[in-house]
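Pasting the structures in now, so scroll down.
What follows is a pair of complexes built around chain A, which joins chain B in one and chain C in the other.
Let's look at the complex of A and B:
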């Protein structure tokens, strides 16, 4: 279980791969990734293929990422979610803030 | 009839008698032809009967015998007598039949009257209930409108609930987001605490070193004897100071340790706050959507049905109106029945006259009396004719049920 920055730090597209349970315990790792990519990344892709479950803290972290990536101007894709997670993102009105695929 | 006339004229010897015969026969013939021409069957029947009877009576009387005397050797008179009996029987039958007609039509009249009135009240009741039903439906529909005006509506309630749910979801997620940020701040503080610890270590090293130096200084002071006594005092003071510094260091270390523990506890609390299970919320929202859909369906269906009920009530009213109009037939039938009953009575009366005239003729002893009887019977027949005519004039004009608009309500 963890969060990993696939594309190297310093590239313009940041690919973040999350696995296992995406919850509060991941907050410090997530912060590191944010720090690594914030300077140069213009577009983010968050790969949720290996994510089993999320809770409200995961949603909070995604929102922090968005704030850091420019708020309304941010360009963030969330991909490969399982149907339950898609449902949760929709209920939280995330489809208006992220590109959910 | 012509055969009879021949016979009578053959056997006739008296002039007076012949004259009366001629008068009677002529009168009867003329009347019959007249009524036949005027197409008055009732009159025709009455006159024919009268004519027959008078002629045969006269045939019998001419031979000087009482009409009903069966001892006579006169064949004509016998035939006449027999004819009279048959006519009397016929008259009796007619009377009986016409009485039956009257009775039966009276029954028809009353039955129809009763049935009509019962049906009428039944339809009245039906109409009342249909109106009540309609009023209730209208009440329901306006009741719904009133509620919506006041802002009380099911739809509104559901919308409010959905909005509330969205608000709570947003609040939860925001709280989580701010909690993560708080933890990051805590992490930053943690780093500062760590640097305090590092500084404390340095401080400890310095005070330890100071202590050693002071110790060395004391030893050198003791070796210098008298001259080193002042220096020894200074060295001692320095040692005391460095030991105090050590104490303070330890105290700071303890405080820092507590702070670190406090931060650790805080992190746990924040973890708790930030980690909300979203599945429960999804389930709740899904349920609300389902109920919302069902309520919408129910409302639409109920509106549809209320409109249908209203339409049906209108149809019932129309049907009831038609039925009530049709009940008019009852009055007409009653009238017709009464008329038929009257005709029956008239036939009865006419038959009675005929019967009476037959029995009257039994009393005739001579031609004069016979003639008088004939006149009386003619008068009675005329009365009967007048009576029957008066009914003909006022027959019911309405031939069938047509659409007269009847406003019952």
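Let's look at the complex of A and C:
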């Protein structure tokens, strides 16, 4: 359960692995990871393989990441989502802002 | 630190006083219990040394009295006894004393006890102060909450949500609802419906509800269309909300005659339209980002249009409903939501039955977000707004007379789509606000028919299959590139009639003409889907629609009522 930064510090690609319920309880950890990786990362991969469920505050965190990673120029992959999560991301039109794989 | 000595023996008083002065304490004196109470009230000492046997009022009574006056405040009292008498000691502690000293006095023991008790007093005082601050904060928060609720209610709930054709269930997790349901009539008697869901719940979610609903009511009243309102609301929320907050939203516009329904769904669950027999007629899934995310340039105001008969019912919900969990942690889910339409076939009791179904499901379960479910009965007879508001409807700005005509040659047609430009021109001269989407629908349908069928001679039957769709657009591109010596002319005029604006739209091309029947879908529903809006829908929206014999000229009259 939680959110973890898997790439080494100073790496240009940040891999963020999330597990359990991706909701407001992860807010402060997620923000900390953003602050830790913001300086060096140019590409982000969000690994959602172990996420059971997401809510709207999770979508908010993803938007925050996108904003910090350069807004429209951001390069963010969201990978290994289960079908329910893909549907939720699609409902929010996130396929136009993130690479959902 | 102030110490009160209450002692009737002068000798004892002097011994204690000289001892305590030496340790740096300030001393107050009382010769009996009554004086002790008076001194306490007057000088508020930090600690009291109290003899028990005194004239006028004894120590026991004085202790009770002082502790009573002190209330929640802690005033340490040390009783002075000549010998250790178990009975008097117990009695004095019962009266409220905190410790005792026995005579003869031992200087170190006195100092130690005073220090120990003053430490307890300091802790007690600090706790008192914190409690006081907390109470003050709570009281302030409480009164701010009351004020916020007042403002929230005043702004958000000023609309028409109590109308008989609406049924709604809105259940916030906290005082404030992050879901908002707004309904208002347009000046021409049409209906605007909005269901929104802000990120999270509670006060922080509700804060955006105030500007959003303000925009909705103000612009609806002025006659703007849902597209205009969506653009403005998106702008406002984008500026106002932090990046991680947004508002999933669904706008519905229905005209006075209940003939067409416009839907803009941005990140809300599917909107379901049931026909008069209770069968699912349309499911309108989200096709946009939520409000407050996209910049103005990237925001997509386009919405879908559906032809309706006026006997339909419309259902909208927030994802809080889909996400209700039962006691096993299993979600209510989309499937169960849909199955409700099959299970509850009686049109009248369907809504309460749906509410009962998910509230039962939630018993012992978990509700973590605001829940909304809305039913709109599109039966025009149930909407008495126009009868109630005849004067408002008549009090509009009167339409004027004007006309414009524009021609586009082949080279211009290759470069640009003139429809948006034309639309802005028409709206800029004087066309009723609120009709923007409809006029756009007519202009773009006529224009693309002229271009694609009249000049490029494309067969719209191709568009019936996804593969054909692709081919259709490839051919379109190829033929457009080869186009020369052709022109499309558009003529638009308005004249007033019975206080309404009659807009005539004529489109003419230099092609050989085409048979509209071979291109128009046989029924409305055929046409919506693969090839978007169609002529049958336009025919329904307009007062009249005619193609010339050859098929290269079309003329429609549209009434802005």
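Criterion: the second predicted complex is superposed on the first by the 101 of 101 C-alpha atoms of A that agree within 3 Å, B and C clash if a C-alpha of one lies under 4 Å from a C-alpha of the other, contacts with A are read in each partner's own complex, and residues count from 1 in each chain.
Rule of thumb we're sticking to: contacts are C-beta pairs under 8 Å (C-beta built on N, C-alpha and C of every residue); 3 or more make two chains touch, one makes a residue touch a chain.
Since the model is a prediction, treat every value here as computed from it, not as a measurement.
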item	value
Simultaneous placement of chain C and chain B on chain A, clash or fit	clash
First, second, both or neither for A:93, with chain B first and chain C second	both
Which superposed partner A:55 touches (first chain B, second chain C, both, neither)	both
First, second, both or neither for A:64, with chain B first and chain C second	both
First (chain B), second (chain C), both or neither touched by A:38	neither
Which of chain B and chain C A:28 touches, first, second, both or neither	first
Stretch of chain C penetrating chain B in the combined three-chain arrangement, among 3-11, 111-119, 237-245 or 417-425	237-245
On chain A, positions contacted by chain B and by chain C	24, 55-57, 59-61, 63-64, 88, 91-93
List of chain B residues in touch with chain A within their complex	166, 169-170, 172-181, 183-184, 187, 271, 274-279, 281-282, 285
Interfacial residue positions of chain A with respect to chain B in the complex	23-25, 27-28, 31, 54-57, 59-61, 63-64, 84, 87-88, 91-93
Interfacial residue positions of chain C with respect to chain A in the complex	197, 199-200, 243-246, 248, 266-269, 285-290, 293, 298, 319, 323, 368-369
Contacting residues of chain A [partner chain C, same complex]	24, 55-57, 59-61, 63-64, 67, 72, 88, 90-94, 96-97
